[in-house]
Amino acid sequence: MASKTLWIAVAVVVVVVVAAIAALVYKPSAPAAPTTSSAPSASTSTTQATPTSTTAASVKTVTIGALLPLTGSLQFMGVSGQCAIQLAVQDANQMFASKGIQFQLVVQDSACDPTAALQKLQTLYSQGIRFVAGLTCSSELSAVKNFAEQNHILITSISTSPLLAVPKPYIFRLPPTDNAQAKVLAALYHMLGIKRVVIVYRADAWGQGLTQAIINETKKYGIQVVGAFGYDPSPSAMPAAEQAAVQKASAALGTPGPDAAFEIISFDQDGAAVVQAAMNDPVLSKVRWFGTDSNVYGTAIMQAGGQALAAAKFMGAVASPNPDDPHYLHFANEFKKFCGHAPTGYDPYYYDTAMIIMEAIAETGSTDPTVINSVLEQWGKNGTYVGATGPVYFDQYHDRQYASYLIVGVVIVNGTPTWINAGFYNGTTGQITVFPQGQALFSS
Amino acid sequence: MLEIKGIVKQFGAFRALDGVDMTIERGKVTLLIGPNGSGKTTLINVVTGVYKPEAGRVYFHDDGKTLDITGWPPHKVFAQGIVRTFQIPQIFQKLTVMENLLAVARGQAGEGVLNAMREGRWAKQEEELAERAFEILDLVGLGDVWDRYAYSLSAGQMKLLELARALMAGAKLIILDEPIAGIPIAQAHAIFQTIRDVNAKGVTFWVVEHRIDIAFKYVDYVYAMASGRVISQGAPDAVAKDPKVIESYIGG
Amino acid sequence: MPLLKISELNAGYGKFHVLNGISLEVERGEIAVLLGPNGAGKSTLLNAIAGLATIYSGSIVVDGKDITRSSPSEIQKIGVGYVMQSPNNFGTPNIFPELTVRENLVAASVGVPQDAAEKALEEALGLFPKLKELQNRKAKFLSGGERQMLAISMGLMKRPKLLMLDEPTAGLAPKVASDVFSAIRSIRDMGITILLVEQNARKALEIGDRAFVMVTGRLRYSGPAKELDEEKLGRLIMGQ
Amino acid sequence: MFNMYDFLNNVVIPAIVYSNIYALASIGLTMTYITTKIPSFAHGDLAAVGAYATFYFLYFLFGGIKPGSVYLAMPIAALAGAAVAYLSYIGVFKPMIRRGASVTVLMIASFGLHFLIFGILAILDSIAQTVYGWSTRNYSFSTGEVQIPGLTQSEVTAITSSVVLLLILAALYYLLNRTKFGVVMRASIDNAPLARALGIDVERVYAISWLIIGAVTGIAGIYMGMIFPVTEELGWLRLPLIFVAVIVGGLSSIYGGVIGGYIVGWSMVLGFNYILNPLNLPPEYQLAIPFAIVIATLLLAPQGIAGLIAARRRT
Amino acid sequence: MIRDVLAKTVALVIALVVVGALAFASPLPKDVRVLLQNIEVYIAIYGIYVISLNLEVGYLGLPQFGKVMFLLIGAIAVGGIATKLVLLIYQNAIFKAMGAYPLAKISDYCMYYQYSVTSLVNQMLAQNPALGLGYFLFGVALAMVLSAGLGVLFAYPAIRLREDYLGILLLVSGEFLRVVTYYATPVACGVNGAVIPDPFAWALGETRTLVYFIATSAFLIATFLVFDAIGNSPFGRALRAIRDSETAAAVFGKDIVKFRIRVLAFASAFAGLAGALLAYYFDYTILGTYLPIYTFIGWTMLILGGLGNNVGAIVGVVVYYIVQTLLDIYKNSLQAVLHADPTYLAYAIFGLAIILVLMYRPQGIVPEKPVKTIDLNKVRERIQRKIK
């Protein structure tokens, strides 16, 4: 009868559930299984250090997690970020080998989907992982916020949305919020005597937030944002949206002039489309252009219109230490070797999301997220940690502050348009210093 | 019981039915024969409301009343107790034999979505229906396979199931379209025997069948059609000898 | 040795058992006509020979080769051409409506070497001059008679030894039908054996050398066409 | 004021490029449908396969993407797409069809196939990245486009993609109408029972048509990669719009699909420029335009463009 | 038979109590328990979703490829409407604390104040559990009503279109709705996503998960009871008859449109319920993520478990989550086999699993069974006795 088959079904389910729980409880990584034999290549996702001279018995293995958008609309950030985080783990294993700590990395794909992100975080948690680096989308961060706080999981993120500038225990954001970047850009406009700005932005949470922040910050200098036009960043749409936004921006600006500027709030790929649309525009091609931390140093944008960028004296700000900072140089160098391409956009931040956790663990010897949380708060006050993105200060919301920015621009070097470091914004003083090679960009 | 008067049905230039008159007597088994393309299936479609005729009327006599059912939509024709079967059996494959019957019973209280959750509203009716269904299944000889899935039946059993289903739906007049096409001879006889058994209980039959050698043994009255017209009618023996009928089969 | 020899054939479609112990022989170079009322299993017999029906038991031998379990394309290679009824029991016509006349013939010549196919094509078009005129017209725009002629030509493309025709004159005007019958005769004169299923028994018997009558899946008559008079045929068909 | 230059640049060129891409992609999906009746959710992945094959080939050969080089790789993209399409038919769809799987079940199977192809591509990527140090994601084929002095890259792409689309259509026309195989293939589509009765191996014909489907879609992948960043999801992310093109085209004729592609491309660009912009609606709604068109098509004329044309011919 | 349905429901309750006890009160390590707790809530929510899909797909044979649409409606009902209602109720208190009315300038609220406002609202809701419950039930009811309304709309095209066309119409309609609502900021804060006040703000930490587990389980049990009772009734039988042969069902006087309307209204309402529960549980929603993939995930669960029976639907959800979680946890060991990123290997394995199940066990883990209305064997025996 039916009830018989029903009970069989129930029994099967119970057995499966029990088996699954048993599988969960049994953790292969628990007693530091000596798995150092495999993984000769560094860029697989469980990156392990090559065994050092320390005896295997005294080595303590700490597994940290990374939650990255490896599929979906922000895949391009996630894949590059994964590499940066793997590099960080490799570096940490070299740096802290003497302390008897070895780091392992487990990567999960969040697909920039809040639901998936929370599920994967819970999976990581069940594996005993209490430190998770690299959360990318602000929507993911929103979804995991409560879970992290309740279960004491320390998360480092590269989200910059001003929406999350709220108390959020156990979550630290490595890049400054868009408010900080907006401050730099406003100061830069002011310094160059700009009075009218028109903005074309990527219509996602990041682009909208940064645009709003620029509008607020420029008010303080009496600079007017005459218009802000979004385009759809969704990869299923068509880049013609960028052209249309540029068109509208051109109309809003009306006439060119030395007091006018064009601000491009984009990533690299979509920025290229904006540049292509703007370089032939009769109005926009005659004013100064500005970018953001996520399109300067971009390869696609340079390819699309390097000459035009140079002609428009394109400049953008990247939160960064002094360009001669050995940390950054070291990182950039290593990254290129390790990942096969130069770091762009958020790569150094991704690196730091992992490195700051590992350094805190190595320095304190503690793997208690509560301890690390207070250590990071302490370090954030003093700027103790200095990473690929310079000294890290956190404000009361665990967001990066007092950040110094590098002003990056495009000039023609030997006939080819090239990215150069044109100046430096000191986050503490709010002053802009112009480097000698950047003089041309700052002249009128 | 059913009176067909001067039905004309035209498809473009092609006149499929050209003034057909026919009477299906209550309580009898009437056979309709004719070569391919003579208009038999078209006629059934006109009667059951699938097609509207260009001319002519269809009358249904029941309970002492006469209804002009010409051009009625299929579900209204069905509601009068006229049930047809199809050449290709349209049974509910993944339902059991019993379910096939229960599913077609009329006026089920449990088919409302809110009533469905309240078993009290329909359990008694369901029980009555099941009893009737078992009786019907026993009548047509499917009593032993009542809990089998319909797709596992043999071709002959499927035909019987269609018949049983028509009975379950409360049919007074059952129109069978080729009930023994593709059925082995022994089973074919059994099916016609069943038709007679059911007929003995008062159900009128109107059968379209090609295999006249078998069918003639079981029917009361025969109509023969050719080219959209009735060419002969009468008792089976008479029709079988009618040269016009033979001509229609031989002459093409 | 007869060209076609069928012994004790039981066949049908899956669950639907149609043919009951059919045995018959067709000699080379003759026109054999297969008669019987609708539903007697005539088309099923042709489908069984062509490899399109399910054979439960018995055997079919063509030109000395047993083709009982062969695939349709193997059977065609052995030399059996088949012009289906239209619409056939799959509900499709016996030509490709969306293809031109010429393309229909090309499609029917699959597996034939290029030069032989071209020759056969010219021959077929020669047999029906009307088709030659219409060779670039889509088949769906042809008249009923033209469609039947096309279907017959398609059956000839592989130069069969045995050509089976299923009701080639169904639905045709008498004048057109007699054109088809004379075409069938000239095909026989080309040396091709013909197995013809016809509704129009009278005409068929006129051109046929041998006749078979099937009723309800059984063979009721087998013999020279001349000896089958209409009265006898009528009785057979009416099941008496 | 009407500005010819703007109109050309902002409307005509992009509309042509998108239309060509969606037209190229919908040829394959229409063929999938008319041969084996599967609205395949794995169709977009064939484009991704083509794009990746191109990438690997060019990197093996030149270590990078040189101007004009994608045309060298086009046969490789076609070959790779064809191989994957063939395998998916032989390995998955054919056995399932033989067992009488319904359209819905085949659609779910094609969804599983999407995951499988997508996963394998990503794994290959990850291997290529590890072993050769290639950056295998988010590159663009636009650098591989030929350079014509005096023309912008979009203009060149508009021209080349039109030429390729026309060449493919011409080749398909030739194949289908002028070769024996084409006749056999159309015959199998038109009347499969008769084709079987005439000794045509219909299954083999379908298998070969899957080869063609894969080849054309693989080439479509190259053009997609010129406009959209190449990832394993290159085709998957555009699949809804490809479906729109195919449905609007009527699911029954290759040329209908091409017209559908043109309707999708132009409706997005025109709708964007002349509906959304003037009304100040969010630009993101451009995706909603083709969706609205297909919903209207399905509700009002389910047979699509091809159906309308056929209806007119009939009357 | 209702007794049968009740027996199954009791089994479900027992199973839920057992796994609930395992997750909330057992000596398992805390991290495993936390994972189990959350998975159980997901299973309960997706159980509702897949059971409702089963009525459409398994019983009626409707190619419902737009299912995610109703999760979206649930999210809008909660994150877009119910949330604003709470903001309206507390607007004076919010104004006192923050100096702004949140609904006055919705774009600013969405971009800057959502978290601050919501934490304030949560504090107040924690003081007023009754209001929280009312707000919860309001959101759930609203989601069900809106979804049912939308579902009914699709009953009409469903008659005119062939299976494949209808499937694609539903799929595209879902995408259309997603795009339109996502980019309209006032609906649910657009690209920023909507932060949702917690109706059970008084419960903290594990207690909160427990409350949600109990709430979602209760809904799952109710859903199962309702759908299985419907399924094992003349109504369910009529649906299957329509699925098997629409022609014959119509001939026998079944009003197919009426049945479709009822099924779509009913199933959509419960899918909307699942969407609302999901939104409340996450206390955050972003409409852009309601992609067709969630429809396919529902289908995958259903086909794994077995079409046409509700036990199979639940089993499918359970198996899906178990496989997915185990793959997530153990994929790193797979890496040893293949020197590549294991994340993607998990996708490939999953795709392969779907294909293999469809090819070799198309009926799923728990195959379909005949509808049980009354005990037919008893009737049979009675009749045979009568004959004797």
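By letter and in written order, the chains are A, B, C, D and E; residue numbering begins at 1 in each of them.
Assume a contact is a pair of C-beta atoms (placed from the backbone, for glycine too) under 8 Å apart; a residue touches a chain by one contact, two chains touch by 3 or more.
From a predicted model like this one, the values you see are computed outputs, not experimental measurements.
Shared contact partners of chain C and chain E are B, D. Farthest from chain B, judged by the mean position of CA atoms in each chain, is A.
Chain pairs B-E and A-D differ in how many C-beta pairs they share in contact, with the greater number at B-E.
Each chain gets a centre from the mean of its Cα atoms; the one farthest from the centre of chain C is A.
Chain centres here are Cα averages; for chain A and chain D they lie 34 Å apart.
Measuring from the averaged C-alpha position of chain A to that of chain C gives a distance of 76 Å.
Averaged Cα coordinates give chain B a centre that lies 33 Å from the centre of chain C.
Contacts with at least two other chains are made by residues 130, 232, 240, 282, 284, 287 of chain D.
Taken residue by residue, chain C touches two or more other chains at no position, since every residue touches fewer. Not a single residue position of chain B touches two or more of the other chains.
The set of touching chain pairs reads A-D, A-E, B-C, B-E, C-D, D-E, using the touch definition from the header.
Chain B makes touch with chain E in their complex at residues 74-75, 78-79, 83-84, 86, 90-96, 98-100, 102-104, 106, 108-113, 115-117, 119, 122-123, 126-127, 130-131, 134-135, 138, 146-147, 149, 165, 169.
Of all residues in chain C, only 12-13, 15-18, 20, 37-40, 169-171, 177, 198-203, 215-218, 230, 233-234, 237-240 touch chain B in the complex they form.
On the chain E side of its complex with chain A, the touching residues are 4, 7-8, 11, 15, 18-19, 22, 28-29, 31-32, 34-36, 38-39, 42, 110-112, 114-116, 119, 183, 191-193, 195, 204-206, 208, 278, 282-286, 288-289, 311, 315, 318-319, 322, 325-326, 328-330, 332-333, 335-336, 339-344, 347, 365-366, 369, 372.
Taken in their complex, chain E has these residues touching chain B: 1-2, 226, 229-230, 233-238, 240-241, 243-245, 247-253, 255, 262, 266, 308, 368, 370-371, 373-374, 376, 379-380, 382-383, 387. Residues 41, 43-44, 71-72, 75-76, 79, 203, 230-232, 234-241, 243-245, 247-248, 269, 276, 280, 300, 303, 339-341 of chain A are the ones touching chain D in the complex.
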